[in-house]
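Heads up, the next two complexes both have chain A, just with different partners, chain B and then chain C.
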Partner chain A sequence: MDTILNILSNSVEEAIAPTTAGLVIAVIGLNIHFGFTGLMNIGQAGFMLLGAYGMAISITQGLGMFLAVVVGLLVAVVFAFILGAPTLKLRGDYLAIVTISAAEIIRYVGRLAALEPWTGGSQGIFGKSYQPAFVKLSFFGDGSFTLLPVNYKSLGLGTAGQTIGLLLLIAVIVALVMLAKAMRTGEGTLAGLAANRTVARVVMTVLGVLTFVLMFFVFPVSYGRTGTNGWWVRAVAWFFVGVSLLITWLLVRSPWGRALKGVREDEEAMRSLGKNVYVIKMQALIIGGMFGAFGGMVYVISQSVQADAMGRQLTFFAYTALLLGGAAAIFGPVLGTTLFFGARILIRGLAAAYIPNSIMGDQQTEQFSYIVVGVGLMLLVIFRPQGILGNKRELRFNV
Partner chain B sequence: MSTTPTWGRPRARGATGLIALVAALAGGLLLLAAPGASATTTSTFCVPQADVSACVSGTVGNRTDPIEGADVTLLDENEAEVDTVTTGADGKFSFQVDKAGTYYVSVDPDSLPDDQEIIPPADKFQGPDGSLIVTVTLGQTTVPALEVRSVDYKAGGAGLGTQLIQSVVQGLRLGLLLALASIGLSLIYGTTGLSNFAHAEQVTLGGMLGYAFCNVLGLNLWLGVVIVTLICAATGYAQDRILWQPLRRRGLGLTQLMIVTIGLSMAAQYTFQFFVGADTQKVVVESFSSFTVGPVTLTWMSLIAMGISLVVIGLVGYVLLFTRVGQATRAVSDNPALAAASGIDVDRIIRGVWTAAAGLAGLGGILYALVVSNGIRWDTGMQILLLLFAAVTLGGLGTAFGAFIGAIIIGLVVELAGPLGAPGDLKYAVALIILILLLLVRPQGLLGRASRVG
Partner chain C sequence: MSETTLNLADPAARQALMAGVERTPGAAKPDPILKVDTIVRQFGGVTAVNVDHLEVQRGVITALIGPNGAGKTTFFNLITGFDTPSSAGKGAHWAFDGRTLDKTSASSVAKSGMVRTFQLTKSLNRMTVMDNMMLGAQNQTGEKLGLSWLKPTWAKQEKEIAEKAEALLDRFKLLAKKDDYAGGLSGGQRKLLEMARALMTDPKMIMLDEPMAGVNPALTQSLLGHIQALRDDGMTVLFVEHDMHVVRHISDWVVVMAEGRVVAEGPADTVMSDPAVVDAYLGAHHDTDLGDDSLLEDGDPMEKQIEAEVAAEEQAEEGQS
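And now, the complex of A and B:
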């Protein structure tokens, strides 16, 4: 039982890591591209890398933190414009091929030995050369700290208590999912509760908070308050996830957001209504790209800027996360990314613990987890293209 | 008892014989237990112990092309010599030190082959007299990078012409091999509309199977090439049967299908890593002899590979142009609904295309591993995937002959970028930049028709 709890603990830790938050923001940008507008951008990692470079290089050249972030965002705007200008008038797969190529070009250029004074070449930019500017902003103080003052450890509940907490957590999550489903479709065992919208929303919020509290009760994680891997980084990262969600929500319910969906569903119809499809697509590409760049900055703030760590693979992970959570759903990116990262660590941990070494070595469990991810992505797209939260009708489009 | 010991009667040797036998058996077992161990091992093998000692070891040259007989010297902080070793056939050297800190490693230039020199380290790693600064931590092995290049690597003037001609030949070689894979990619796109991101893994699969058959199982190379091509073609057939045809029947959108290929590609890459590991594996152990014509030096194998590609591509072209199957394929590529209405079995044609495409990619993969990348690794295919897409798009999406021309152009661009001044990895980037520029002026590609672009 301890092994299982340990593995679960590790996956929760991964799920709330600042890198995960960074990817969530990038996936939110991808959601604007792919989910809402139907643009097939396979170069989101390129946007992330550009944002990360923009910020890190600005800081190492002496700019302040805020200016550095602005520089990173501006670079992404320019990049999106360059990508979009030749391709947005063409069929969708041209954008796909150009974005993936452009992302690779950025990676190759970043690795160039000639640019080593700025980008650090293939070694990358070490975190310690730009993190101080970020850590300096912290008002969390020193020392370390666990989010919940009471947890199963301080109460001395031991394995039994933890197991009960874990079961409780699962029960709450299941209830949450059932309620959400009942609210959406009006069917199921909780349909009566869901019929009254106000009550349902309150119950939903309570369950959500309960999940969060139980999570930290069952998996107590203690980090430094500040530092490069502390609560400060996590708080800022997830705060910006919240901000991004809010921005997306406001954008999507605006008239402009409806125009996006219009472009996704039927370009010709939009054109006949007098909308400039090209401009709308370009705006979507730029805004999603800015989210990507910002996500890249959050992604690297707790580690280092390494060109090879932000290649195609990362874009593919972003797609898996987006489709898992549900494209064209506001909360899809958050749910998908945390589940994706948590699940991968879970699979790896379980494989390492329960599959004998003679069948699968330590290195192989890592690869095994990625094989599962790849096959999972295929099965997901085939059998549940709308993901967990998405709406199937919204994903009939073709780029 | 004074019988002479003979085979079959080891008893006669008494106790000594028995011990010798056991020792031989144990030795044999040890050899079996270490299948990867090469015949030549370094005499000064070093294992660091935590807090006690550290190692500075590495290879002069690189693993595929090590330098034998180079004198490597280790100096301590005060530039006093700690030790000097001479590399063996595997180019490896190793020092053991018992103090952490800064050391300098240098190679005696006189001990290198006449036409080779050590690549000077970057400024911040530059020690006295062109030596390399290494920082040693106890309990760890530090690996200084001592790579070599040819003395006239920067050949200017007359040398440039020679280099350009050599690069053109290499570019044609790369282009022909890329063409093998990209024709299939283009045909799949033409008949189904699908951009297959897993096509690169078909290329890797070819190389990997080549490694399995020719290196591990020791099959004859030519037999291996044929078998690999056939097996790869079979995987294409099976893929269409199990995956793509049912998905087409379900009416899954092209975007969704594209993402399925991304998932497939990811799963395949890690499956390769799972079974073979992350290292480069050679398809055949021995290196090939080369020949020189004028300014061009090429291995015979390269020439054969180019010949095979040309013949196979010619064959595909013939089938497409002059046979009924080819005619049907082009018809499906043009308009599947109309083709079906005129009595063509579209599903059969598409299955044939998948089979041929996978077979061609596999053949391209094993040849690529033999003559270009000098071995196969889990991501070999992924590295050329974008070149394949560039070739296909450049020639015009969905046109087989466009893919061929595009591949040749991309091959030439990639190989010529180096001598014309593009540093290192940027040669791949140059190909992609050309692709983007071309899309600006002629989005339908060289051989595509303007009406095909949305």
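And now, the complex of A and C:
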């Protein structure tokens, strides 16, 4: 039992890591591209890498933190404009080709030995050369902090208490899912409760908070308050996830968001209604790209800027997370990304703990976890193509 | 404007207006809303469209007919900016309501007041009927990226647009479907939705590409009613259609295209007997209703001819034996 609880604890830590938050923001950008506008951007990692380079190089060259972030965002705007200008007038495939190649070009240019004074070549830019600028801004103080301060350990409940807490957590999550389902379809055991929208919403919120509280009660997480990989980084990262969600929500509910979906459905029809499709697509590409770049900055803030760590693979992770959470759903990227990273650590841990080393070594369990995640994605696309939060009604008319 | 509108709702007034127009291809109209000059479109060696001059009268229904491959839809695409003429820069020129459209993009053409529908209906399937309609409205503040996130800047306009959309949906009998996804509508309902959506743009001229294709007869009747109502409201209608009954029933003027050229123009009842049209398109039986039972009773000339041939053959055979 202890092993499983340990592994779960690692999963929770991974799910709230700053890298996860960084990818969430990039996936939010991808959602604007792919989910809402239907732009096939297979180079989101390129945007992330550009943002990371933009910020890190600016800081190492002596700019302040805020200015460095602005530089990173501006670079992404220019990049999006260069990619979009020739391709957005053409069919969607061309954007896909151009983005994936451009992302690779960025990666190779970053690795160039000639650029070593700036990008650090294939070594990358070490965290210590730009993190202090960020850590300096912290007002969290020193020492360490455990979330939640009151947890099973501090109450002296031991493994038994933790297990009971875990079972409670599972029960709450099940109730949450059932209620959400009942609210959407009007069927199921909780349909009566879901019928009254206000009550259902309150219960939903309570259950959501309870999930959060129980999760950290059962799996308390402890980090330094500030430090390069402490609560300060996490708090800032998740705060910006919240800001990104808010911006997306504000944009998507507007007539502009409606025009995005119109472009996704049929560009010609939009043209015949007097909409400048090219401009709408360009705006979406730039905004999504800026989210990507910002996500990249958050992604590297607790580690180092390393070109090879942000290659095609990261783009595909982003797509996996997006499809898992549900495209064109506001909260889809958050749920998808945390589940994707959490589940991968869980699978890796379980494989490492229970499969003997003679069958599968440590190196192999790492690969194995990706295989399982991949198979999981295939099953998801077959049996629940709209993702976890997606709208099945929309999918029925997919052409 | 209001005076002409009143006049043109009256069939006699329309007849009087169009009576003075010459019955030749490219004839000048009293008050043309659309003027087209030298539009040529070639696909490799094939010349799909080659129109020297065409004018469309304001406030009436003009039908564009012609056999398959005559270039009607290509012509539509060219003047609405969805395609570029091969003759661009070599004399191609067209103007709508006094505004030159030679180098205008499709979206700007629509903004200038000339809105089209498509032969293959383009409904936005994964959006609700209401959202489809709302997209048609022009000059929406909320569609500007800079203001879109500030709801107060567009909330009032949004409400007005929604009211207008509901009124139009009501007129087209789609109001009950307003929260359904457009992909869930039947083919005929989608045609209605597309027409209603085009009207959301407040067009001066609406161009319908085969509005009756695949629509059942009952719905055809109501679509015809809608089109005539649009004309009576003062809108100019240009439509492509294959059904001669429809063309004769509602159009005030007919333009006939064949092999990319305008071969004839005239009122529906006379243009059909124009020899060029008969040659190009209608054939000898164009005036007979194939669904008419009286045909079965009267001796069909073809039938008589075949009978005579058979009799002659039989005689010849008898002679041999």
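For this structure, a couple of remarks:
What we mean here is this: the second predicted complex is superposed on the first by the 392 of 399 C-alpha atoms of A that agree within 3 Å, B and C clash if a C-alpha of one lies under 4 Å from a C-alpha of the other, contacts with A are read in each partner's own complex, and residues count from 1 in each chain.
The rule is simple: a contact is a pair of C-beta atoms (placed from the backbone, for glycine too) under 8 Å apart; a residue touches a chain by one contact, two chains touch by 3 or more.
Worth saying up front: this structure is predicted, and the values here are computed from it rather than measured.
Once the two complexes are overlaid on the shared chain, A:D93 sits against chain B while remaining clear of chain C.
In the superposed model, A:I164 makes contact with neither chain B nor chain C. Of the two partner chains placed by superposition, only chain C is touched by A:E265; chain B is not.
Looking at the shared chain after the overlay, A:L67 reaches neither chain B nor chain C.
In the superposed model, A:Y108 makes contact with chain B only, not with chain C.
Shared-chain residue A:V381: touches chain B; no touch with chain C. Taking chain A as the reference, the larger set of touched residues comes from B, when chain B and chain C are compared.
With both structures placed on the common chain, the touch criterion links A:G274 to chain C but leaves chain B unconnected.
For the contact definition in use here, the residues of chain A common to its chain B contact set and its chain C contact set are 396-399.
The touching residues of chain B, counted against chain A in their complex, run 122, 195, 247, 250, 252-256, 258-260, 262-271, 273-274, 277, 382, 386, 389-390, 393, 397, 423-426, 428-429, 432-433, 435-436, 439-440, 443, 453-454. Within the complex formed with chain C, the residues of chain A that make contact are 247, 250-251, 253-259, 261-262, 264-266, 268-277, 283, 287, 393-394, 396-399. In the complex of the two chains, the chain A residues touching chain B come out as 38, 40, 42, 86-87, 90-94, 96-98, 100-102, 104-105, 108-109, 111-114, 116, 312-313, 316, 319-320, 323, 363-364, 367-368, 370-371, 373-378, 380-382, 385, 395-399. Note for the complex: chain C touches chain A at residues 80-82, 105-108, 110-111, 115-118, 122-127, 131, 134-136, 138, 140-145, 148-149, 151, 154, 158, 181-184, 197-198, 200-201.
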